[in-house]
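Given below, in the form of structure tokens, are the structures.
Shared between the two complexes below is subunit A, which has subunit B as its partner in the first and subunit C in the second.
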Partner chain A sequence: MPQSPDLALAPRPAPSILATLARRNEVALLICLLALIIFFSLASSSFLTPRNLTNVLGQASLAMVAGVGVAIVVMSGEIDVSIGSLAGAVGIPLVTIMNMTESLPLGIAGALLLALVVGVVNGYLVAYLGINSLIATLGTMFIIRGGIYLYTGQRSIPDTAYLEEFFQLGNGRFFDFLPYPALISLIILAIFIYVMRMRPFGRQIYAVGGNPEVARLAGFDVRRVKFICLVISALLAGVAGILLSSRLGSAVHVAGLGFEFQVVAAVVLGGVSLAGGVGSLVGVALGVLILSFLSNGLGMLNLATEWQLVVTGGIIIAAVAFDEFKRRNQKQ
Partner chain B sequence: MLDEARTGHAAAIDTSIPALEMVGIGKRFPGVLALENVDLRLEPGKVHALMGENGAGKSTLIKILAGVYEKDVGTIRIAGREVEIRTPRDALSQGIKVVFQEIALIPEFTVAENIFLEDYPTSGAGNIRWRKIRDDAAALFDRIGFKVNPDARTGDLPVSQQQMVEIARALASEARIVVMDEPTSSLTPTEVEMLFSVIRRLTSLGIAILYVSHKLDEIFEIADTVTVLRDGRHISTQPKTAHTSDTLIRDMIGRQIGDLFPRSRGAGTGDVVVGVSGLSTAKLADIAFEARAGEVLGVFGLMGAGRTELAKALVGYDPIRTGTITIGGSPLCPHDTRTAVSLGIGLLTEDRKTEGLMLELPVMHNMSLASLGRFANMSFLDEKRERSAVQEFVDRFRVKTPSLEQHIKNLSGGNQQKVLLARWLMRGLKVIVVDEPTRGIDVGAKSEIFALIDRLAAEGLAVIMMTSEMPELLGLSDRIMVMAEGRITATMGRDEATQEKILNAAIA
Partner chain C sequence: MTETASSVAPPSRLRALTGNNEIVLIVILAVLCVLISIGAPQFYSVENVVAILRQCALVLIVASGMTMLLIAAEVDLSVGASLAFSGVVAMDVTNKTNSVLLGGLAGIAFGASVGLFNGLVVTRLRVNSLIATIATMMILQGGIYLYTREAVQNRHSIRLFTDLSTGYVGPVPVPVIIAALVFIACYVVLRHTMVGRYIYAVGANEKAARLSGLRSERLKLGVFVFTGMLVGLAGLLLASLMNTGQPTAGRGFELQVIAAVILGGTSLMGGRGTLIGTLLAVLVLKVIDNGIIILRWNQDLQMIVPGLVIIGATWLDLVRRKSDAR
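Here is the complex of A and B:
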């Protein structure tokens, strides 16, 4: 016989903390990350040194910054693939303005202004014109890259101002320990973890991605939420581009090629569902770190970069397949 | 503490002015006049029932009130002041809270968070006060006697509890007008009692309730005034005491119920064409039954009872764990849709839009989809043959369409349903499973669908009809099978079936 009404009403026993933890995707990712670190420490003596570990954090910072932006776009139910071209493009106003004015803040302002314009265009196309976000941002990705080539004539624009603070931004270390880009990426990560958890706007993003119709009925402005997410994503891609440009010491016309896919890979690996509404920024950060440690460690083992790509691809598929498998088991 | 807030709020409600007046409301959709010159007037602190059959215009009216649709003509006044409601946000800011029949909760969020979704309590610095959300939700549940863990993930709750969460939301919001659309459709009797006490609490605070239902006993228990709509028009508004069941039904249906269910056939006594035994899936347990050629087997169940799941398992769509299904004597094995179709069983889905129609394609392509093989010469489509076969069905079923090239999204619900039925019949089926065949179809078209179903059975098909509509269940079925929580709880013949018996089995 079916359950009696009384039974149906009885509160379920609260799941134990351990069981809750085990269900969390972040814990699985953390275990993966630790396993990787242990493996590489055993395989290479120069891996587990403070210098190398902080280096990896520095290398991971670009994907971390841009990944936060892409993750919230994906959580809102859309995607942004224009970030690679954009990260490359912001170097142009940055370096050009610095060369003219010898001012880093003005250069950064120019770079972020370009990012803002691109974000507004992406947001308008997707949220207000209703163009599929993959198509819209794929379009802006090509347009921006084409614009870079046209403007630079397929050459890099060298930094001729030689500002010390510009060099330090991408290459210096905070207290001679943590690379500035890593510090910046952790601050941005912390801010957005706070926003997603504690601000109504963060919750609106999840609601809009989880079920836009319900979100609309709850009185949320679905289009505005998506618009803002795409603007944030562009601005963060701009920040990543500024750090990249400082690292390279110039505006390089091919900078950021393929960056969007590294970032999307890390976001998906971090457990953000491409269907929207599900995921956490802690997971995204772990996804970024896993891919960064993997590339660093495999490099130390002298594995050719060609093979690194193959391994990375395999791991992404395996992780997502595992996740899907787990979900199906839970459903049954 | 919520109550204190509410009492202050309620004191501001002037009980001499109508809480809501809708005057001369009209709304047209492509091909359908959904509402024509409808008036509605709600008094503060009263429960106003809105009744009518499916397609009468109830849901259009409340969607206009909720800001989901915009009215074409008419005026809306709230507490005497004329307002425009264009978006759900407008509706909320006017103090209108709609509890929809389809659950409008975010499954990934906790129950407590869903309660406060529309308006998160925040601190001075704008941070969400999670602790307050949780505590207020727990206190709210305590007060109405609703035992559910506020920290539970909403998607993990059974449908009936999700519906209660929806209803509890109305208490947490600053609503002056609460609209409830078929709130009891998936509730257990205990929960219905809980709902009614929630409604009494709301009215005692001066809140006006619009209660949409077609269940007579509920109306007589809870409503003060009843408005009946039929075919998009206002039929009557009277105090409950002026009504009897008979007068209400007369107003709702506007004709003898016999007209609605034509019957051109005798009792189905053909061969067994569907045999199911020991069938279990993720949502079904130990299902066994038979269906015969020439009969309509009605399957009734409340929301979440497993009707749709059974329909999908029968046509090889949902995976099965144990049990066997035979169609016309051959086992459905492998259990997939391809084999099912080749054995001669087809499904008319509950959700036409997402699982049945290809909205952007013309009528012709929608209809011929399952029979393309028949019109192929050496794997090229013979469009002439396709066209003539489609035309034949369009004529036979009286599908109202300007041409075979018309995009199907421009047809009315009833005509879309006919096209989908034709899709399966064109293949030559033995069994058709229809899931909620008249959902979202207006009354006129309904009787045509009923006539079609009757004729299919008369032509020797076995029809398995999943429905939550009592009149069509009783009017069309030769035998009735009742489901609850994924099991069959009763099977009865046409003659022994009564509404009470069926409902008792459905809530068992």
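Here is the complex of A and C:
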């Protein structure tokens, strides 16, 4: 086909328009985040301390890591709701292997292997069998959670190896300053921002999510791209699960319940369109931070967790509604 | 689905009655019934069949509304939280007024107002319904604990209230009758009225529907409120069944309902789906639940098997459609 090189170039100019649009969205999110921080630092004297700010980064890390994965999947035009169950499930091989071998690397390897298997299954069901991703990952979500209950008999598996590294992974601080989970999440975020902006694969994800038919004609392997996105999402959910079980100090059977809702909310708040093809990871990171600072700040004001839920829900609606409003005004 | 099938070829009686996906579900249901009855002959006893139908009732009531919502290309994830909250409200109001009628109305009105809120956020503020109803879910989960810290006990002991879920008319439990009435009403509206056709039209192509003069926002708002009302009704029945208003009830209910609706062949993109499919899917899921119990299998399989069935049925449907297209 003679025209295919032209088509392959076609997605090139589009990102620049997308990027400028996305950047504007990020500015709005940043203003929102700063406003929150200013409000809370005026309202509570203990909010604006290095200790608390780094704490929030630590608390945000789980949603940040998993959010990067889900965002990539959503940008490719699919969705992954099995991440909550998976984040809970990886604790089982992690803790069991550690208890047997007293080795953290082996435990992590086991946990990531489980995540890889789930990612491959999700990816195969969605990309190659063509099952709608919400249905497929809803199915694996049930299967994994059921599997956890079945295996553990609805009890937590305690960590009996008491490895210092395992405790440090979730609770320690890099140079006694930045919590390790925060450090890990920032590294992962930076890598994927680079991939999404600079690498051909990142651009392929946008192309596939924006218009799969055009992407296919341009010579991209749409199925492979979607498959890899779902595998990445599962692996990152696995990483989040490892950090979570280190924080909890055991494999808890109810860990990660409802985590998928939190993450999807943060991703959409960050400006990623559920229709696919639109969004940026910087936006996602800001979305995660806004929700984390909100929950931390409301906690500092001694507001009951129930109020935190109510306020968070209200702010999600307000933020997305504002974004829609802005977009409609821009069109006119 | 039925529509396209019937417009292409002169429909056979069966084809006209059942969409394509429904054939897969009927086969699955039949296979399940045969397999379970081999393992446990008591599966076919009257008590067991009644028990299965009773367990279907709550899910079917909400799933009927959810089917309409998905056909209109929207979704409501707040139904689980709203279910628990309306149950608490119904019980509380009945306690305070000693009137089941007022309590029931309060529960249903609460559900409807949650639906109204969702509908307004989605249609006026243009927030995507998936994210809007996740937010509503959070608000309700927080709100219910602000309303009551512990379960609202039944302090009125009115027979009628408990009869709503445990009573019988002849051999048929009351909730089954209520569910059947709701289902039939929804079926008639969706298949045989203009409103039903409009719902399909708005879901299939909202722009085209609006250009041809449909007030799509209003229609969607109506479906949200209607679904909310059904959630309120289900919440009332749940409170009556448990004899308390339990704030922790309804966890994961939204996923059960949505799993049933999409297993029934309703498209997530809107514009396609049938209530018969939803009914069959609810039956399949509840027969599985029941089978696991009477076969004395580990009850944790009640999550795994439906997960497998949802994926498997969708895949079978895809395969069948591909071979049809050839």
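Everything that follows uses one rule, which is that the second predicted complex is superposed on the first by the 309 of 332 C-alpha atoms of A that agree within 3 Å, B and C clash if a C-alpha of one lies under 4 Å from a C-alpha of the other, contacts with A are read in each partner's own complex, and residues count from 1 in each chain.
In the analysis below, contacts are C-beta pairs under 8 Å (C-beta built on N, C-alpha and C of every residue); 3 or more make two chains touch, one makes a residue touch a chain.
Predicted model, so just to flag it, every value in this text is computed and none were measured.
**Student:** Contacts for A:198 in the overlay, against subunit B (first) and subunit C (second): which applies, first, second, both or neither?
**Tutor:** After superposition on chain A, A:198 lies in contact with subunit B alone.
**Student:** In the superposed arrangement, which partner chain does A:217 touch: subunit B (first), subunit C (second), both, or neither?
**Tutor:** first
**Student:** In the superposed arrangement, does A:310 touch subunit B (first), subunit C (second), both or neither?
**Tutor:** second
**Student:** Which partner does A:206 reach: the first (subunit B), the second (subunit C), both, or neither?
**Tutor:** First partner only.
**Student:** With both complexes superposed on chain A, which partner does A:54 reach: first (subunit B), second (subunit C), both or neither?
**Tutor:** Neither: A:54 stays clear of subunit B and subunit C.
**Student:** After superposition on the shared chain, which partner residues are touched by A:150: those of subunit B (first), subunit C (second), both, or neither?
**Tutor:** Only subunit C is touched by A:150; subunit B is not.
**Student:** Mind telling me which of the two, subunit B or subunit C, contacts the most residues of subunit A?
**Tutor:** Counted on subunit A, the partner with more touching residues turns out to be C.
**Student:** Determine, under the contact definition given at the top, whether A:320 touches first (subunit B), second (subunit C), both, or neither.
**Tutor:** Second partner only.
**Student:** Would you sort A:41 into first (subunit B), second (subunit C), both or neither based on which partner it touches?
**Tutor:** neither
**Student:** Of all residues in subunit A, which touch subunit C in the complex?
**Tutor:** Per the touch definition, subunit A meets subunit C at residues 125, 129-132, 134-136, 138-143, 145-147, 149-150, 154, 261, 264-265, 268-269, 274, 304-310, 312-314, 316-317, 320-321, 324-325, 328.
**Student:** Residues of subunit B touching subunit A in their complex?
**Tutor:** Of all residues in subunit B, those touching subunit A are 66, 68, 87-89, 91-93, 98, 100, 104-109, 113, 117-118, 120, 122, 126-128, 147-149, 151-152, 158, 160-161, 188-191, 282, 484-487, 489, 508.
**Student:** Taking the complex as given, what residues does subunit A use to touch subunit B?
**Tutor:** Within the complex, subunit A contacts subunit B at residues 1-3, 5-6, 8-12, 14, 197-200, 203, 206-207, 210-211, 213-221, 277-278, 331-332.
**Student:** Quick one: which bits of subunit C touch subunit A in the complex? Just the residue numbers, please.
**Tutor:** That would be residues 77, 121, 125-128, 130-132, 134-139, 141-143, 145-146, 255, 258-259, 262, 268, 298, 300-308, 310-311, 314-315, 318 of subunit C.
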